[in-house]
Amino acid sequence: MFTIETGSGFWNPIIWAIVIVVTFLLIYILRSLGKKGYKKDTEQVKSFLSGNPEYAKEKMHVKASNLYWGFTTSLKGLYALLRKMHTGNTSDYVLWFVIVLAIFLLVEVI
Amino acid sequence: MLTRNIAGVIVFSIVAVFFIFTALLMHPFGVPDESDMDDYIIDNTQEETGANNGVTAVVFDYRGFDTLGEATVLFAAVTGVIVLFRRLKK
Amino acid sequence: MIYNIPYLAVAALILLGLYALIFKRNLIKMVIGITLIESGVNLFLITLGYRKESIAPIYTSSPGGIMSFPVPQALTLTSIVIGVAVIALMLSLVMHIYRHYGTLDARETRRLKE
Amino acid sequence: MSGMSKIVKTISSIIFPFITIYGLYVIAHGHLTPGGGFQGGAVVASGLAMLLVAYGSVWTMGKLKEKHLSINQTLESVGAIGFIGLAFFGLIFGTKIFFNNFLVNKQDYLFGATVKLGETAANINTAGILPLMNFAVGLKVIAGLFGIVLLMAYATRLKEGK
Amino acid sequence: MTYIELIHIIVPILIVGASIVAVLLRDLLAAVIAIAAMSLLLSLEFYILQAPDVAIAQAGVGACLTTAIFVIAIRATKRMEGEA
Amino acid sequence: MNVPDYIIPLIVAIPLLGAFLTPLVSRINDKLRNIFVIIVLALNAVLVFLLASDILTTGIKTYVFGAKDLSYPIVRILFEVDAMSIFMAIISSILVLVAVVYSWSFMEKNTGLDKYYTLILLLTAGMLGMVLTGDMFNFFVFLEITSIASCALIAFWIHRGESVEAGFKYIVISAMGALFVLFAVALLYGQYNALNIALLSSVIQYTFLDKIALVLLIVALAMKAGIVPMHMWLPDSYGSAPSSISIILVSATLASLYGVFRVIFTLYGNVLSNIANFGIPVNVFIGWLIVALAMVSILIGVIMALIQTDFKRLIAYGAVAELGYMFLGIGAGITALGTAYGKTALDGGIFHIINDALDVGLLFLVAGAIYYATKETSLDKLGGLARNMKYTTVFFVIGLLAVAGMPPLNGFASKLLIYESTFQLNPILAIVAILSSILLLAVFVKVFYSAFMGPQLPKFKDVKEVPKSMLFSMGVIACIIVIFGLFPEVIINNIVEPAANALIGYSEYISQVVAGGI
């Protein structure tokens, strides 16, 4: 009922689900072993930037376009090409269709 | 832009060659190879549908469901045009 | 071979339509291109159903003899009405694009890219 | 869109009834002569569009209110429902097949006469549900195509940015 | 070559000619008139190809209504192709 | 379970009748209209499930319109429903029903809602007609219904220039694609004087003109399905449409994908084993072409998704990558037709169709929920929403893990089948697919981080959880995803495997219609 055979192996989600549940249990147990020194509304919960004032909330949050900066920078050439491809021009969309049509015609029909 | 136009002209001419070959390799004008379906319709229209116009018989009887689809296309287009020119405020 | 001229006209119409779609920048010209492709396909369908020295498939007025195919004619009727529906919708969108962008140039109506 | 000269207006007013009658003829004789619901509907809608162009959308919009537009849409819905309803009737009566021509060759009903095979004189009382479908589709096509033209003409005010 | 064969050759050529004119003209209104002419010729072609039903539909829809909505759209936008 | 035959046309006719009635019903009352539409679609879904239970037990069913029997030259339109068709029909009906329930609150403040629901019903009828029909021209007609209705819905928010632009691009692309499909149909008609898929399939010869028709059909329908490099309309339209429409568009593109498979496997199934050029069989030729397109789709979809800043465009590029996985599975299945791993690849590809529809659909619904709550879709401006929208966050996590193929959710099960089988075809394919899947996870983790994590932004302090109808529809899809993930074998054995067999078994499809088979 649960196992799927892939031809060279099998996959059983129930085992995996049990493993996940056990892991979370372990995490919960470890967490509950910790110290219970947390108090609300004290200096303890405020962020401390070595004496400097805290930044505004918007500034603290890393923007989506800054994530994976290293990846996008290292693939700069590829991204420049891809941006050039995605012109947003309707004629180009049609042109891509005709290009693929020509390739398929050449490969398939001849 | 120049690359685009050159690529456009090249693929356009390839497709053009294939289309012209298609036109030349079709069965000769006015001499269809097969006619099973249409001969059946021409022979049986009057008997089965009681219509004297073969095209109407096909449109509304033999392929009536296509016509329903076509009426639906028109309905969808009119609805689409109404949607596009509707008032935005209530 | 001279008798394949209607088929060649079909090819020419479709290619002209594609040409207008690819190389013309004006949006209304692109809609005209779609119209041309549609006319080409309609002509193709009708040409397929023609038999030499045939008459229209209407019994009321027929002096007897071979008839041209009724099915492609029915398909073409459907195709014509579909075509006018598509063109009406396209032109409405063109009017809206003009209202929003103030231009009909395909190269300038592209806020959506990348 | 403003109207055209008085000559054009007069001539189109005179021609318009003839176009309409021709369109209705094409619809009604769809099963006998070239034509049918679509063709006749397109002819009538062309006549209406001609009137619209002759008189201009400004004049037309002065005469037509939102109510009339919604009547147009209702007519289109009614035509479509009539068409699909005839298809459903085939499922309810007779041989219980969707899109069945349940009236054909049944002498007691309207349009139920049997047609003589071969070349015959036109007998309008034939072809079962085909003429009814022609009427439904004709109504739908008139309303639909004229609705498209009317709405687009009405929308030319977009140019002024209103 | 008989008379009808000649027509079968001439009308498609005229259709293609009208559509070339439609594509090339920079005045959109003129291009649309060319499309209307093309539609009418197409309707004639349908007629001589023994399809009177389609000819009526093409004349009504293609030559009249399509032209009407094209003209309306052009009046709501711009008439010349290259204008900024 | 046995159902009467006339249920097959009703599946298309009921949404159509509903669409024609909706303008009249909405004259009475708005709430009544919403209930009416939901009832129509629910009824339709019930009919689809009844038919499915019948088809899966008894096999292919046909229905001829307008006549009882099937005399030899097949002049009438007929619907031919096999397991693959009903598989796609199930997807469409579920997604549309969910989208309509979602729209109740989501579209509440818009005008023109009667037209909106009318168009949704028309779109439903179009999709169901596309997948159920057994006639090429009828397929074209339903394709046009689908494209026209979806175009008007994409441009529904006419006050935004982007929506109108996306609608125009979509209608140009789909009108052109549909006209090429019609041209191909006309080519086939001109040679064999037939329009019925089964009849055409039994007589097809693979001449020059047939090859042209095949290429035109594949390319045009693949463009409608959004395969790279013809995918550019897809992010535009998915991103600009209302979210409730995006989820239906997913299913509309999948219907075009179904068209590709139907053409290759059934219409040309007879000639797939012919020897083409260079002594290579046709199926290997077509299979490798499709695998190549699939790989490009996966790579470009993922790489472009990484740099998107708009929530819905990002999901749309993710959807392009997912489409690539389906094409990869089925392309590998075509290439290795007849082998065991080819069958596994086909299973994986087909299973991935339903998984992708659910996962991407759930993500679009979440994007819509965020837009509803914050009026914002740019990821750069969002942040810290997990505090205010707890349920939405949970649903997003489920969708994220599923779409990235993390075990134990459903995306993993189908992707595993694809990896294992394509590895046997060519290891590079599987490796690239796995790496892209990891990248896809990275992409969605980025969304999760920037939209839901981080400090609570002051401008989103008063954001509330979305209304119940939206939560309900998201919850339904999330539940289905979890169930599919936990019981993959049940799904594969009961729905996917018959669909794969139906695709391969073209001779059975033919013999239902053409007397004597081939």
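By written order: A, B, C, D, E and F. Residues from 1 in each chain.
In this text, a residue touches a chain if its C-beta (ideal position, glycine included) is under 8 Å from a C-beta of that chain, and two chains touch if they have at least 3 such contacts.
The structure presented is a predicted model; accordingly, all values stated were derived computationally and were not measured.
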item	value
Interchain contact steps from chain B to chain E (minimum; 1 if touching)	1
Pair with more cross-chain C-beta pairs in contact, given C-D and C-E	C-E
Cα-centroid distance, chain A relative to chain C, in whole angstrom	45
Distance between chain centroids, defined by C-alpha means - chain B, chain C (Å)	9
Length of the line joining the C-alpha centres of chain C and chain F, rounded to whole Å	28
Chain B and chain D: spacing of chain centres that average the CA atoms, whole Å	21
Residues of chain F whose C-beta touches two or more other chains	9, 16, 20, 65-66, 75, 137, 141, 144, 148, 151-152, 155, 158, 168-169, 172, 176, 190, 195, 208, 212, 236, 304, 307
Residues of chain D whose C-beta touches two or more other chains	32-36, 38-39, 73, 80, 84, 87, 99, 101, 118, 120, 122, 141, 145, 148, 151-152, 155, 158-159
Sites on chain E at which at least two other chains make contact	8, 51-54, 57, 61, 65, 69, 72-73, 76-77
Chains touching one another, given as label pairs in label order	A-B, A-C, A-F, B-C, B-D, B-E, B-F, C-D, C-E, C-F, D-E, D-F
Parts of chain C lying in touch with chain F, wherever the complex brings them together	14, 21, 27, 30, 34, 37-38, 41, 44-45, 48, 71-72, 75, 78-79, 82, 85-86, 89-90, 93-94, 96-97, 100-101, 109-112, 114
Residues on chain F engaged by chain C in the complex (per definition of touch)	75, 137, 141, 144, 148, 151-152, 155, 158, 161-162, 164-169, 171-172, 175-176, 179, 182-183, 186, 189-190, 195, 235-236, 239-240, 304, 307-308
List of chain B residues in touch with chain C within their complex	5, 8, 12, 15-16, 19-20, 22-24, 26, 28-32, 35, 37-38, 41-42, 45-46, 52-55, 57-59, 62-63, 66-67, 69-70, 73-74, 76-78, 80-81, 84-85
Residues on chain A engaged by chain C in the complex (per definition of touch)	82-83, 86-91, 94-95, 98
Chain C - residues contacting chain D, complex	56, 58-64, 77, 80-81, 84, 88, 91-92, 95-96, 98-99
